[in-house]
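Below is one structure. I have some questions about it.
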């Protein structure tokens, strides 16, 4: 039951199939599973549906799977950073389902938590709610959104112990913990592998029960999309 | 004359009350952080999973694991906390954020807001905007009063896909301020050098005029 | 905007009214707001509806509010440890709404998260689901449960900083974090008040936004309900 | 003759597979932890918010902040983690727990389970039992084959309020083992000294008999 795998290709062995649905954590390029995405590209798996808040940039993150045309459909809240995306979508090569960011996060949580559907005010009165069930609660209108489950979830954490317990760092947490709960198989990549007992059990973000296997990633690029700094004032 | 970007931000900052938890959108709303009134302490929330957003980092402090919802590098404060996207939007949807300030392409007289899509032209996505306008207690919208081609942006009805229906609470343009608490927008303030005629001309929406209409020389 | 209050009576000042709904964290006697419960009793507020997984024991925890007959109605999953409870319920003095433990927790989370209702498989085909809306998803039947919001939430944490950020300890966490999100007003009691910056922001369980005020409790009893130990083997 | 409490626990422990995450109910199910087969590593979950439950504490280790769902004092292990009740039942409801072992008052031939209430008599509450039987992948039920007054507990239909409908996967009594994968319960094992006639006599439910019915002398 050893959860630590040698590398990304190794971890993905036997879990990929054409037409599958894959969740990938990250917000922009922050907290994305860099190594696993590259291994996914190299695997050649195709016609995949990807659930991810963004789709990387043209030549990094999930964007590299658009270049190889391995993605059939995206569920996202924002793809503005990616021109390849826009082009493939406009030409009809790529399907796209926009979800409000909070609805997307909640749908993943619901899927992982055995909640078939939930009622939210988000999107009521917009095209997002068209064709969906509506219901009144306390005089306000809510729209029903369903839970999401993926064949595979790929997440990025900071550290993992042998049990697969995960700890995230700062805003690199984002979608990773909820997506970790919503994969039939969940594979994590981390920057550091620690010993059992190194984590304070009160500080664990994702209990190992959600993690099928994990790898220690290499060569992290972590590109910054918008570098904003201030000047030291003497 | 009209308000500059900085003056609009400064006017929006007057909506901040002590103890508020606030979400600032991309663009001019981000500038509001520079004009937080003295004696007012607010906590900035970033919907990618952070409360207590600090200023931009010094060049040697940049951390790719620490960005705001606009993907800009930021810093943390002693009171900061991090959480998942699900927990972040639980906070937003649950009505725990006091105020959101965001940009718009169009606002309708019933408070409808459009800021995420131009069919056939722009497909960036709504990001967290739909959740914010649906969940945050008070929604302050900032936009230029008219589009680049001079057409009004405060309309009888939006023709762009909506971000939220009837969600606008206050609108601040470069020319004027409108309150959306009643049936029709209430014009409450005019930028320096702007008169009622100009607003009427550049506004498609019906609106009422506050008996105590304020004519500003400068935003304080 | 100082969140730290002098004591429990002080913290409750101005937020209590007869007939109100109060959530109280804790599982059994573990992680319950001992000081705030006593202050609640001393306030004399009456006809309250209490949402709490348990109702303490006869003479400790929420049980003391049964003795004074301040509770009109309970929403709980388990009250087996309390004989006063059983007596008042049987005699019709006390209303009771049983909720499955997970449904209760999820209803609190939903209330705090702006989710008006959700669909769960828990309780389908039992008396718990009677009279509630049912819906099929992927060939399985789910029952709709609604979100819960309280006028006041009383929670117990281990530590708080000036911002009201909370950290819980071990299984004393239980219902406290979700109930903290679902109170129109939330008051926390803690064992230790720490300085701003003492918490690692990655380790905070309840962000201060949910905490209206907090107190440092005194004289913690923390009774153990069922002491189970093993022998040292020489 | 029949199986003792310990033997029932031992038989139930045979359902544990390496790598399983397991929830054990109060009573005999708790004893199962003492009989985990060698070479099988399981992680015990406690629905009040813990994964990786350790053994009872030594007297000087007792911590009132560390209890299991039966309110017993316990210990943590190097792999343990804590979480909220909402996260705990998200885990349970979401189907992440492989196996739950729990007690029962009545089981019906269609798998219905009653273990939380005797109207007018006992009002303790269902606790987490309804969530467990609805969410956990495999539900193993343990009970005495008959009630104290000798009446059968494996019935055509439960008359007590249900905990879950059609949720039982395996039933282990002090006399026999039944598999609930098909239309009717399948009798697969008999305790030492128990014959088919005794089971028929003490069972109200219809059931089928496995062609490979095992007659145990002892649980291994």
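For reference, chains read A, B, C and D in written order, and residue numbers begin at 1 within each chain.
One rule holds in what follows: a contact is a pair of C-beta atoms (placed from the backbone, for glycine too) under 8 Å apart; a residue touches a chain by one contact, two chains touch by 3 or more.
Fair warning: this is a prediction, and the values are worked out from it, not measured in the lab.
Using the average of C-alpha coordinates as each chain's centre, B ends up farthest from subunit D. Distance between subunit A and subunit D, defined via averaged C-alpha coordinates, is recorded as 36 Å. Taking the mean of the C-alpha atoms as each chain's centre, subunit A and subunit C sit 33 Å apart. Computed centre separation for the pair subunit A/subunit B is 28 angstrom, with centres defined by C-alpha atoms. Residues of subunit D found to touch two or more other chains are 76, 82-83, 89-90, 92-93, 134-135.
Residues of subunit C in contact with at least two other chains: 106, 109, 113-115, 120-121, 168-170, 173, 201-202, 205. Of all possible chain pairs, the ones that touch are A-B, A-C, A-D, B-C, C-D. Interface residues of subunit A facing subunit C in the complex, by the touch rule stated above, are 106, 110, 113-121, 135, 137-138, 140, 142, 146, 167-170, 173, 200-203, 205. Those residues of subunit A that touch subunit B in the shared complex are 27-31, 53, 76-81, 86, 89-90, 96, 98, 100-106, 108-109, 120-128, 158, 168-178, 205, 222-232. Taken in their complex, subunit A has these residues touching subunit D: 1, 109, 111-115, 161-163, 165, 181, 196-197, 199, 201-202, 204, 207-210.
Residues of subunit D that touch subunit A in their complex: 18-19, 21, 41, 43, 45, 51-52, 76, 78-83, 89-97, 134-135. Only residues 46-50, 55-59, 61-74, 76, 82-86, 88-90, 92-93, 112, 123-131, 134-135, 161-166 of subunit D touch subunit C when the two sit together in their complex.
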